[in-house]
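Take a look at the structure below.
To keep things simple, chains are lettered A, B, C, D and E as they appear, and every chain counts its residues starting from 1.
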Amino acid sequence: MHLTRGARLALRLATGLGLTVLYLPLLVVLVNSVNASRSFAWPPTGFTLHWWAVAWQQPGLRAALWTSVRAGLGATAVALLLGSMAAFAATRYRFFGRQTVSFLLILPIALPGIVTGIALNAAFRTVLTPLGIGFGLSTVIIGHATFCIVVVFNNVSARLRRLPASGEEASADLGAHTFQTFWHVTLPAVRGALLAGALLAFALSFDEIVVTTFTAGPGTQTLPLWIFDNLARPNQGPVVNVVASALIVLAALPVYLAHRMSAPAGGTG
Amino acid sequence: MTGDSTGDGTGDSAPAAVALRAVTKVFGTARAVDGVDLDIRAGEFFSMLGPSGSGKTTLLRLIAGFDQPSAGRVLLGGRDVTRLAPFDRQVNTVFQDYALFPHLTVRRNIEYGLRVRRVPRPERAARVAEALDTVRLADLADRRPAELSGGQRQRVAVARALVNRPPVLLLDEPLGALDLTLRLAMQLELRRIQRTSGITFVLVTHDQDEALTMSDRIAVLNAGRIEQVGGPAEVYEHPATPFVAGFVGTANLLRGEQAAHVFGAPGSWAVRPERIRLLRPDEASGPQELRATGRIADVVYAGPHSRFAVDLDTGGRLVALRQNLDDTGPAHPVGSSVTLAWRRDHSIALRD
Amino acid sequence: MTGDSTGDGTGDSAPAAVALRAVTKVFGTARAVDGVDLDIRAGEFFSMLGPSGSGKTTLLRLIAGFDQPSAGRVLLGGRDVTRLAPFDRQVNTVFQDYALFPHLTVRRNIEYGLRVRRVPRPERAARVAEALDTVRLADLADRRPAELSGGQRQRVAVARALVNRPPVLLLDEPLGALDLTLRLAMQLELRRIQRTSGITFVLVTHDQDEALTMSDRIAVLNAGRIEQVGGPAEVYEHPATPFVAGFVGTANLLRGEQAAHVFGAPGSWAVRPERIRLLRPDEASGPQELRATGRIADVVYAGPHSRFAVDLDTGGRLVALRQNLDDTGPAHPVGSSVTLAWRRDHSIALRD
Amino acid sequence: ADGGTAAAGASPPPVPTQRSLGPNEGSVNIVAWAGYVEYGQDSRSVDWVTPFTRQTGCKVNVKVAGTSDEMVALMKTGQYDTVSASGDATLRLIAGGDVAPVNTDLVPNYAAVYPSLKLQPWNSVHGVPYGIPHGRGANLLMYNEAKVSPAPTSWGAVFDPHTPYAGHLTAYDNPIYLADAALYLMKTQPSSGIRDPYALTPAQLAQAVALLKGQKKNLSSYWSDYTKAQSSFDSGDYWLGTTWEVIQQAVAADGKVRTAAVLPAEGATGWSDTWMVAAHAQHPDCAYAWLNYIVSPTVNAQVAEYFGEAPANSHACSAIKDNPDFCAQYHATDESWWQNVHYWNTPTKQCLDGSGRDDCTDYAQWVSAWNGIKS
Amino acid sequence: MPSPVRRLAGALHRRPGLRLTALLGAPLAWLTVAYLGSLAVLLLSAFWTTDEFTSSVEHVWNTDNFTRVATDPLYRTVALRTFGIAVGVTAVDAVLAVPMALYLARIARPGSRRLLLVAVTTPLWAGYLVKAYAWWVMLSHGGVLDWLGGTPGFGVPAVVITLAYLWLPYMVLPLHAALSHLPDSYLDAAADLGARPWTALRTVVLPLVTPALLAGSVLTFSLSLGDYLTVQIVGGTTQMIGNVIADNVTLDLPLAAAVSCVPALIVVGYLLAVRRTGALESL
């Protein structure tokens, strides 16, 4: 891009400012996680690692984390399967109502979480409860998967659209049947997109609180629900900050790896 | 792979390597291919030549099985394959963009067809090594496509198809992306490989030079139909239609009045630029020759030859080509008068 | 726009339309352009010819200002513009992929340069109409680029640049994507536009034919350096280096022993195929001619001419070209003996 | 407390009372306020669920609810066996047939519960107990001693439209807060005719609404979770407003600002939570086991100290471990102090003031009114 | 003899309709049964009524809830306020994201580009509630902002700031993708024709990335429209439509369902409006 020196500088400043704004609250969270005071009030009163130690020892926290991971993995798995199937159909076939499919896929993430949540809740109660199936982890997974499908769909179909069909045709031409072609040619080509989609889907599920509230069963507490509860509990605020700080630090690595892997060979500059 | 051996014979009685019967392909409302009948003989180097959008790629895709004809049948070695998937057909394709698998090395690319057809490992290795030799890429076997030049990629694409020993090899403008020097070298290479392997080659190109120099026979396509099929000299010297005359070489087309003046009869007439002699002022034309006078409108030096555009006194323009054999010939500066002559039997009468 | 009027004169005393002074461009460790000095005269049709990767595009981008040279200076009409941004330079570019703005109609695309430079609306409309006429696209003014054919897009790209009346127009392989018939037509069109507008054209191409037929002068590039600059005949008839001989036309290069046998002196020698006569068995060579005997290895019919590859008895291979003026000449079947002859002064001694 | 007659809303649907206990079912699903059902999730030392499970073999699944409305909704799902309902939920649960009367004979620890908490309007109907009292607290007036002077003695401090503390007031974010306004009106404007803050005619409700609408513009924000309230006092956003004792204790412990919590002259609203059993409990025996366990002296003491409220079991004070002054601080045994506390109750059409009238506004109307104030 | 899998593949090849059905069947079934079905159940329940006291749903068919939503000014005020907040959040995010995405995609060097992209996405993992509370800490009197110069306090501006913060990455990501796929030659061409940076941005770059901008706005707009937790945390006494729904869910589900139709209709209308631009494909 041909920019004047001033324009370049302005953009750099804007980006720096944007990133500062993105990280300032996170810094506050981090500082509060080592803040001797129990409340979040500013400025901090002293330094302590006490809350990190406390967090480390909380079985409820660990259980919630594990529940969230299971819910995230379940929702991601469903989203990967359904999202990529829909992506293949939408990019490799022309059919009546193709537009409607992408519209339908996007609806669950675009409609307010509370609408999705109470709709699922009402439906589960009408349909599942009479069958003797209660709310639990599986209902959470169903709820999350519903709005995660679209992110896999979008990632995979963007990749497929840019992927020339000639690769798959070459494979068929060389004698590979449909399933061999998928395994040997298509899958390697969309692996990065699947990964990126999976990561985003997992992140969405991992952070979802509203839909979870309305779909979780009695014994099912995900991390956001735990956070929600604990923000309202005595003395737990700092521990919540510890959890958030740890998540930020832990998340940077997989996010970075995913970005590396999802950049196609000779990717765009 | 089934062991059928048709397509290896070259006799006329053997079934055609590829036969198209009344093949039509419609996209939406557009007829990309329109009632094509064609027999491609086993072992020949066959080209399909035509302008952009004339349906060349579509025809190739119908033969390979990537698309299904809207009507008509496709036969390979006498067997009707119209409804077969590409992976069940005995043809291989070299794609215009090569379509190499970016995540596989050269060796694994070439091996691909054998692997998916479960050819045993030792045989696989031997055939891949042979194919690598044929295209002279043994040194680069462990590179990825991204690390190769255009010409090298093209050769990998050829080897990847050839290693399967298909009776028929389809090539969709395989040389389009290469620069001239490389293109000429690859033309020689492909011709050599075709001769030594005996495989039927079906080449799609819009480059008339390429088609003329490489092919045993050429089909000229226009708007989804075949205008003419024949050997290079036949197509070039005796174009059946004005379209063929114009598309394969410079047509020098005169019609109606203008044609009557020069050729002695109305209708559409053509004469190839290289057939026309520029006479020296004192020079007489031969007894078998037609002649026409005019004025030089443009002279273009093109290295091996020069082109002279001549505005005829009786109307119309003819281009004459003169090999730069010698630079002592008479100069024909722009604006000077000139007399053109060509053998009567080099006049081409065209049906419209 | 500043009213400077340099670049309009054609006299040698006027400053060069484009001047490069010791221009070098380094990417990482690769020298894409390596110490280039060049003067392009106002009003001329100048071509840069070279193989892929020789630095043609890089050179063009340095002139347009998309990249900054690592060393050296760029002058336009005598003014040093090395540090100026593209939007402050008096040149316009026709891009290889045309780079038409997909969201704007043909008319709005062409109007773009005038609009961003705040040319008043009535003048804008007039100039756009004129440009549309020049490229014969008035009918399609309200289409979007996606609705145009390749040739039409190319013309929009030319019009979009021309409408700004730049002193210098840069064209990066503008015809690469077109098929032959269309390419020839567009060559004529570009030449016509250049002549009538008087704008300096700088054309990048890797097609020697295009360079030879269109240009007033040609620079042959190799590996980031200019190997030779000259008129088409000069470059073709008197290549300065083996590279130029080989890249511009078929070289017919002989070296060392083999050259000594044929040309009478060692070194690198070349002779153009069209200079070589195939003698009839009874025919004598002229007094000024060199001769060589050999055996026909290959005959390729190419329409306007045929190519004969001859393996010399003293080693090496020469290709002779014969215009298909007449089909009564002697046949030279593959394997037959033949004598070649060419004027002594058509032998080209090359410095290595 | 207002010990008015046990006037429930519409007569509750007939739900059978459990007669005897069978073998424990192995698990129990509980809806509770945060801090009521601790299994060591925060700290291993705060755990009364594990001993319960060890003693009874009942595994505990707890669902923490943030509001009374949520508790009601959760109980309606039929998935839960017992709930720690506050007074603004109990009558709704009873009237909805969602909970069953409690057979107190099956809860031996019921005997030691303070009599003043038994058979109250919010936990019984026509003398039939629907639950076991858990503990109690008052909604006091808290203020920042550095910012607010003189020290307030009346709720007028938060209802004065021209308060010098505008922008730094806070109030509890719930429809039941209307009762705080009603209580103030009851004490300061006898002409309003209010006899019980939970029994308001439409006109009286409108008066309370007007008072709160005037208050809204002076608020910093409403508070609903007490960590946020605590931090807001700490940060200086809040100077003055309704609070729970536990919040004030936490702010005091932090030491950042000096605050005090007082019971104003008008008295205060308060709560006395009740453990109730679902009408169609899938694990009724474990539920009863839980009821008995949670009000046992030691566990009741543990919960009360952890949450910061006065225990319900009269023997609990002697089981308090950490803070010898605890029961005094929370007025656990000071019945006269509680005389001025009006425990949360669920407004119904049948006026709860014992007048026998039925022109009172019910809880749904309070919700509408509250939404109107907040929108 | 070809393997059964190969024969199956061949058979499928001859039946493109069947292939399409196999691919599309499961996702469509999921979305229609699990999702549209649920929405239908919800919509249906809006026609029921509740016992006002016990909150028990009574299956008596009526349209009172819709009448109430349409006529009660309470809902109109809150809906308009919510709509305004969502528009504001989207505008703030667009203004912030364009320069950031531009810098990331077109100016930063490839090495730092990847890191910057990670830097933009990582905050998504910090947890929605935690970040909202962090803003609450920063916005409070005596908080970081106060300390740095001034805080708007709690209220609508705070809600807009916090939501814009929460959804900013969702706007940057599609914009970045679109900008990095923008061919260099368009920018070269604009400069070549005399367009200065700002002009090129306005006349070429922005029109070409509009679908991505709209895609980002779909998320920022609709996530803001439905939010009710952030406003509880930093909204002071402000209420949004999500709060009205959330408050009613447990009390009067049929009414909540009827109120839900308001944001749902707005979102559906918005999606339909931007669909033609290809925005839904750029998400």
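Please note the rule applied: a residue touches a chain if its C-beta (ideal position, glycine included) is under 8 Å from a C-beta of that chain, and two chains touch if they have at least 3 such contacts.
Keep in mind that this is a model prediction, so the values were computed, not measured.
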Hopping only between chains that touch, the fewest steps from chain A to chain C number 1
Larger contact count among A-E and A-D belongs to A-E
So, in whole Å, the Cα centroid of chain D is separated from that of chain E by 38
Chain-centre distance (mean CA atoms) for chain B and chain D, in whole Å, is 90
Per the C-alpha means, the centres of chain A and chain B lie apart by a whole-Å value of 54
Flagged in chain C as touching 2+ other chains are 65-66, 85-87
Among chain A residues, those touching two or more other chains are 2, 4, 40-42, 177-178, 228, 231
Touching two or more other chains in chain E are residues 6, 9-10, 13, 136-137, 140, 142-143, 188, 191, 196, 249
Chain-chain contacts, ordered by label, are A-B, A-C, A-D, A-E, B-C, B-E, C-E, D-E
As the complex stands, chain A meets chain C at residues 2, 4
Residue set of chain A touching chain D in the complex reads 37-42, 45, 54, 57-61, 63, 125, 129, 134-135, 217-219, 228-237, 239
As the complex stands, chain B meets chain A at residues 1, 64-66, 85-87, 91-93, 95, 97, 99-103, 112-113, 116-117, 144, 146, 160-161, 164
Counting only contacts in the complex, chain D reaches chain A at residues 29, 34-35, 39-44, 61-64, 66, 77-80, 224-228, 230-231, 234-236, 246, 250-251, 253-254, 256, 306-308
Within the complex, chain C is touched by chain E residues 183, 185-186, 188-196, 199, 203-204, 207-208
